[in-house]
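After this come two complexes, each holding chain A, first together with chain B and then together with chain C.
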Partner chain A sequence: MWIEIAHFSTIIALLLALLQVAAPLVGVGLQRPVWIRVGRQAAFVIAALLTLATVGLTLSFLHHDFSVKYVAEHASRSLPIFYLVTALWGGHEGSLLFWAWLLALFTAIAVWWHWSTHGRTIPWILAILGVVNSGFLVLVLFLSSPFERLLQPPFDGRDLNPLLQDPGMVFHPPFLYMGYVGFAIPFAFAMAALINGRISDEWILATRRWTLFSWAMLSTGIIFGAYWAYYELGWGGYWAWDPVENASFMPWLIGTAFLHSVMVQERRRMFKIWNLFLIITTFALSLLGTFLVRSGVLSSVHAFASDPGRGVYILMFMAVVLIFSFGLLVFRSDRLRTEVRLESPFSMEAAFLFNNLFLVIAGVTVLLGTLYPLAVETLGNSKVTVGAPYYNKVFIPIMLGTLLLMGVGPLLAWRGADGARLFERLKKPLAAGLAGLVACIFLGVNHPYGVATVGLLLFVIFSHLTDVWGGVARRRTNTGESLPAAVFGLLIRNKRRYGGFMVHFGVLMMAAGFVGSGLFQEEKNLILAQGDSVVIGRWRLTFEKLIEVKGSNWNAQEGIIQVDGPGVKMTMHPQKRVYENHAMPTTEAAIFSGLREDLYIVLGDAVTENTWAFRIYRNPLVSWIWSGSMVMAMGVFFALMQGRRLGKKTV
Partner chain B sequence: MPTNRRSFLILTLVVVCGALGTLVWTSFTGSLVYFRTPTEIQEQAATTKSGQKIRIGGMVQEGSLVKEPGTLKIRFIVTDGKSQLPVRYDGMTPDLFREGQGVIVEGPWQPNQDFVATSILAKHSEDYIPVEMTQEGIARSKESMLRTLK
Partner chain C sequence: MKNLWKVVLLSVVVIILGLFALGLGNDPRNIPSPLVGRPASPFTAPALDEGPPITLESFRGRWVLVNFWGSWCGSCVREHAYLMELARMTAGRDDFIMIGVDFKDTREGARQFLANLGDPGYRQVFDPEQKVAIDWGVYGAPETYLVDPAGIIRHKHVGPLYPGWFEQVALPLMGKKP
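Right after this comes the complex of A and B.
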C-alpha cells in the first residue's frame, strides 16, 4: 500500500513541479505577485510529497514488500535493517528518486531563505529549479520507476549486492548527491541573473554558502567512495580512475576552480563570464555524473543501446540544459564586459587565473579519458580503455603546480605586489621548502616527485604560517592582546580566509597521502602454510591458522595472523566471505592503519591442502588522506560560519 | 611598463597552457589500451604490434582452468564462443574469477604464443545470478554479459 502512496505523491509532485515553473513566470509576466506565491507554495508541497514518497519506498523495504520490483531486486529477508533503509539508493531507480527528493528539499530551503532578500530573482529560481526537478521526476515516473509492482511476488528478494553492504558505500551516495544537487542552487541563481539581466555580483554573494556546502558534501562523498574502495574491494588502493569515480571527480575539479575564481569577481569585478561558465559547467558535470553512473552507459555502450529509452531521454535533457544555459551566456555576454584588466603577473588575480587554468585542464584531462572510450565505442566498432598511467602522468605535475600556487597565493596582494616586498615575504617559506628538499635527498628519498612534494608541502605550510604570524603580530601591536587571544581573535575575525587556510592544510595532508601511497606502495604475493612467518618492512607476520566464522548473513574463512611491529603486537583477521543468496565470495581485507603506513592483508584461495595465498601491502601515509579530508571539512564549516562579507573592494 | 608586464603574463599563460596540453596529449596517446575479443585478436594478429598492451575479454572456458600446484600460476582459455585464446597468469585472482564467468585479461601482446596476463579483471553480469536461479536465467545472464563485453 505504501508504494502506491509513494507513487501517487510523486505523480502529484510532478504536476506541481510544472506549476512551480509556470506560476512564477505568469506572475512576472502579469506583474501579479500572488502567482509567485503560488510557485513558492508548490515548492513547499513538492518537498513534503517527495519526502512522503521516499518514506513510502523505505517502508516497503522495511516491510519486505517483495511485490515491489525495486525492493525485490535490492533487498532480502536476511538483509540487516540498516542496509534495508539504505538500499533505497542501492539501485538506479531509487537513487533518481532520492536525487529528486534532495532537489525538492534544497529548493524549499532556498526559497524560504532567499524569499525576502532576493525577491526579484526568486521567480526565476523557482522556474529553473522546477524545470530541473520536472526533468528528474519524468525520468523517475516514466522511464526508471522504483514503484513498479511484480505480478507474481517472489518469496524472497535478490538481496543487495554484498559489495554495497558496507558503511562506506552507505554514506557515499547521499553525500555525493547532496553535492551534485547543492550546485543546482548557485546554478539557478546564475541563470536567474542572466535572464533578468541584473548581472551584478549579487548571485555570487547570495550563493557563497550554497557553493561551499555543496563543495564540502561532494568532497566528503568522493572520500567516502575512496574509503569504501580501500576497505571493501581489497586491491590495496583507493582510487582506480574508473569512469564511475571520474564522474564524481569532474564536477569537483571545476567546482573547486569556481570556488576560487568567485573571489576575484568579488574583489576586483573581473572574470564575470568565466564564473558563469564555471558554475554552468559544474552543474552540467554534476548531471553528467549522475547520468553516467545511473544510466548503465558505462558498463557498455552496446548494453546501453539495447535499452535506449532512458539513455536518449537523458541525453536530450542534458542537451536542453546545456544549450539553454550556454546560449543565455552568449546572449548576455555583452553586458558582462569588464573594464578592469589584469595588470601584473605577480598579483593575486594572476595566481587565481593560473589556479583555474590548472584545475580546468585537470577537468578536461578526466573528461577526455572518460568520454573518449565511449565515443570510440559508439562511433567505431572497437573498444578502448584509458588506464591509470594516463591520469597519473598528468595529475602529479598538475597537483605539484597547484601546490606551488597555493603556497604563493597568500603572499601576493590584489593588483600586484611590488617585487621587494614579495621577496621579503617569500624568504622564509622558500627557505623551508629548500630545507625540505635537501633533507629528503639526505634521507634517501630518490623519487623526484616525492622530493618535490615534500619541498612544496613545507613551502605551502610556511607561507600560510607566515601570513597568520604577520596578522597576529599586527594585532598584538594594535591591541596589546596576549598571544593566544591574538591568534584566536584573528582567526575569528576572518573565518572565511582562515577557513580556507584550514582547507589548504587538509589538502596538504591528503597530497602527502596520495604521493606516499602512490609512489611508495609495496606489494607482496605470498603462499603461507600454517605456522609460517614472514618479514615485510618493519612487520613480522605469523600465519597461525584458518578458521570458519559466521556473521548475520554471511559465512567466512578467516585467517588468523599474529603481527609484530615496532611497538605493536596484534592479531589481524583477513576474511573471504560468502553471503547468503550469493555464490560469489567477497574479500574483507585486514587493515592496520598507522601514522606512517598501513598494513593491508588480503586472504586468497587455498593453494594446496594447508597453504593459502596472501597478498600483503604496505601503504605509506594512507591514513593522512582520511584525516586530511576531515581537516578539509572542518575548514569549510569554519568558513561557512562567516556571514556575508561586508563589501571591501579593490577596484 | 604595464603593457610589458601584461605581455609577460600572456606569454607565461601561453607557455603553461602549451606545456600542459602537450603533457595531456602525449600521456593520452601513449596510454590507450585496445580491447579485443579472442576472435578479433586472431583476425588482427598480423597487424597488432608485438609488445603492445591490449585487453582481451570473454568467458573463462569451462574445464580449461589449470592451477600449477604449490604456486599461484594458472592457465586458462578465454573464449567468445567462436575462438579461443590460451592465457597464463601468475598471482592472486579476483573474487569473481572462475570458470564460466566473464573475464578481461590485460598484458603485452606476443604473437604465436600464450597470452601472458599482467592483470585480470573479473566481470559479472549486470543481472547477476542468485544461487537458485534457473538454467534459463543463467543463459540469459551469460548472454547479457557477452553483450556488455563486446
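Right after this comes the complex of A and C.
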C-alpha cells in the first residue's frame, strides 16, 4: 500500500519537475510572472511529494514488507530498527530516490529564500534544478525503481550487507549526498548568472551559505566514510585511494578551491570566469561521483551492483549537463572579462590564486589516477590499478604547499603587502616553524615529510595566532576592553573570518593525523595461542581466550585480550562476525583510541586447533583526524552564523 | 591563443565523456586470469558419483570445458539450464568434452541440486576441500575454463555461461587450434 503511494507520488513529482522546467521559461519568454509562480509552486509540491515517497519507502521497511523487492533485498526481520530505517539508502535504488528527495528539498528552500531577492534569476534557477531533478527521477522511475513488487514475496528478506551495518556507514551516504546535492544550488545560480549575462557578482553572495553548507556536509560525509573504513573494514587504515573514495574527494578539492576564490571575487571583482568554472566543475564532479559509483565503469572494492543500462543513461544525462554548462561558460565568458589585474605577487588575491592552483592540481592528480586504469583497460587491453604510492608521491608535496599558503595567507593584505611589514608579521610564525623543524630533528623524526609537516603546522598555527593577537591588541587600545571581552568581541564581529580560522585549525589537526598514521604506522602479524603475550610499542597484550558471542542477526568469535598500557589496563574484544544470510565473515576490529596513538587489533583465522592469527597495528594520531574534523565542522557552523554582508565595499 | 583555454576545456570534457562511453562496456569483474595460455594444473580427484577418480590428463587430445560450481551458488542455478542444453548439443562431438567440478560442497547437497534441476550427464569431480579449485585460481562460482587438446587453458569465463556462449566464444577459439 505505502509503496504504491510512494511510487505514485514520485511519478507526479517527475511530471511536476518537467513543469518546473517549462513554466518559468514560458514565464520569462512571455513576460508573464504568473508562469514563474507556477514553477515555484511546482517546486514546493515536488518537495512534499518526494518526502511522501521517502516516507512510504521507509514505512515499507518498518513494516517488513518483503513483497517490495528493494526491501526484500536490503532488510530482514532480524535487522535492528536503526538499520531498518537507514536501509533506505543501503542500495542503489533507494539512494537515488534519496538524492532526488534532497534536491527537491533544497530547491524548495532555495526558491523560498531567494524568491524576493533574485526575481530575475529565479526562473532560470527553477528550470536548471528542474532539469537535474527530472534526470534523477527518470532514473528512479524507469531504470532503477525501488518501488517494484515481487510476485512471490519471500518470508524473510536478504538482509542488509553486513559491512553496511555500521553507524559510520549509516551517516556516510546522507552527508555525502547533502554535499553533492547542495552544490547543485550554487551551480544553478552560476548557470543562471551566465544565461542572464548579468555581470553582477550577486550570485556569489547569495550562494555563500549554500556553498559553505554543502562543503561542510561533503567533508563530514567523506570523514564518515573514512571512519567507517577504519572501524569496519579492519585493514588498519582509513583511506585507500579507491576510485569511489576519489569520486567524493575530487568535488571536495575543487569545492574547497571555490570556497576560497569566491572571496576574491567578492572583494576585488576578479576571478569571475574562474569561479564559474570551479562551481561547474564541482557539480560536474559530484555527478561524476554518482556515475562512477552507480554505473560500475570502474572496478572498486565498493563493488556495487552494476548495470550498463543505467550507466548509459547516467552518462547521457551527465553529457547533456556537462556539455551544456561548460559550453555556456565558454561561449558567454567574454561578457565577464574583468579589467582588474593582479597587482602584487604578495597580495591576498595572489595567495588565493596559488591556493586555487594547488587545489586544482590536486584535483587533476586524483582525476588522472582514477581515470588512468579506465583508459588503459579501454584503449589497451590490460588491467592496472593506481594505488597509494602514486598518490602519496604527488599528493603530499601539493598538500604541504597548501599548508604553507595557509600560513602566509592571513598575514597578507588585499592588493599587496608592504614587504617590510609582511616580514615583521611573518617573523614569529617563521621562528615557530623553524623551532619545530629543529625540535623534530633532535627528537629523531627523520622522515622529511614528517619534519616538514611539523614545521608547517607550527608556522600556520602561529601565523593565525599572530593575526588574532594583532586584532585583539588593536581592539583593546580602541575600546579598552578586557582581554577575554576583546577576544570574544573580535571573533563575534567577523564570524566568517574566524570561522575560517577554526576550519584551518581542524585541517591542521587532521594533517597531523594523516602524517602521523601515514608515516609511522606499525603493523604486526602474529600467531597467538591462548595465554601468549606480546609487546608492541608501549603496550603489552595477553591473549586470554576465544569465546562465542551472539548478536541480533549475527554470531561471532571473539578474542579476549588483556591489554596493559601506560596508565591503562583494559580488555579488548576483536571479533569475527558471521551474519545470518551472509557467508562472508566480517571483522570487527577492537580499537583503543588514545591521544597519542590507536591500538588496533584484528582477529584472523584459526591457524591450528588453538592458535589464531592476529593483526595488530599501532596507528599514531588517528584520533586527531576525527577530532580535527569536528573542529572543522564547528568552524563552518560558526562562519555560517554570519549574515550576508551585501554592502561591504570592495577594495 | 586567447581562446585556447576554451578549446582545451571543451576537449577535456568531451574526452572524459568519451572515455566513459567506451569504458561502459568493460566488465569490472572481468579480471584476465594469469592462467590463460598456461598449462592447466593437472588433477586426479574423486568423482561425485563415487565412481573411479577423474584425471584431467585422460582427456588429452580433446577440448575440455571445466565448469566449477556448487549447490550453494545461486547463479549456478541460472546457468544450469544452459549447461544441460550445451551437453545435449555437443554430445555428438568427439573433439569436445565437458566436466564439472563441484567444490566447497557436500555430496548430499550436490545430488539434491542435480536431482532438482536435472543431471547434464557429464562427469563431476567432487572437491569439498577446494583442492582443485584453489589450484585453478577459482574465486567464485560459477567459473568456466576451456582447456585445449594440449592441456593449455585457452579461456576463462567468470559468472554464468549464457545461451550462445559456445558459438560466440568457444567455437572461434577451437577453430584457431583444431
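Things worth noting here:
Rule of thumb we're sticking to: the second predicted complex is superposed on the first by the 636 of 651 C-alpha atoms of A that agree within 3 Å, B and C clash if a C-alpha of one lies under 4 Å from a C-alpha of the other, contacts with A are read in each partner's own complex, and residues count from 1 in each chain.
In the analysis below, a residue touches a chain if its C-beta (ideal position, glycine included) is under 8 Å from a C-beta of that chain, and two chains touch if they have at least 3 such contacts.
Quantities reported herein were computed from a predicted structural model and do not represent experimental measurements.
Steric overlap between chain B and chain C is present once the structures are superposed on chain A.
Contacts of A:312 after superposition: chain C is touched, whereas chain B is not reached. Of the two partner chains placed around the shared chain by superposition, chain B and chain C are both touched by A:382.
After overlaying the two complexes on the shared chain, residue contacts for A:398 are found with chain B alone; chain C is out of touch.
Contacts of A:353 after superposition: chain B is touched, whereas chain C is not reached. In the superposition on chain A, contact is made by A:159 with chain B only, not with chain C. In the superposition on chain A, A:330 contacts chain C only, with no contact to chain B.
Of the two partner chains placed by superposition, only chain B is touched by A:345; chain C is not. Counting the residues of chain A touched by each of chain B and chain C gives the higher count for B. Taking chain A as the common frame, chain B overlaps chain C at a single listed stretch, which among 1-9, 19-27, 73-81 or 109-117 is 73-81. Overlap of the chain B and chain C interfaces on chain A: residues 296, 299-300, 303, 306, 382-383, 583.
Residues 277, 284, 291, 295-300, 303, 306, 308, 311-312, 315, 318-319, 322-323, 326-327, 329-330, 333, 371, 374-375, 377-379, 382-383, 583 of chain A are the ones touching chain C in the complex. Considering their complex, residues 6, 9-10, 13-14, 16-17, 19-26, 28-29, 31-32, 72 of chain C touch chain A. Partner chain A is touched in their complex by these residues of chain B: 2, 5-6, 8-9, 12-13, 16-17, 20-21, 23-24, 27-28, 30-36, 55, 67, 69-72, 91-93, 95-96, 124, 126, 128-131, 144, 147-150.
The touching residues of chain A, when paired with chain B in their complex, are 158-159, 161, 234, 296, 299-300, 302-303, 306, 341-345, 350, 353-354, 357-358, 361, 364-365, 368-369, 372, 382-387, 389-390, 393-394, 397-398, 525, 527, 576, 581-587, 602, 604-605, 607-608, 611, 613, 615.
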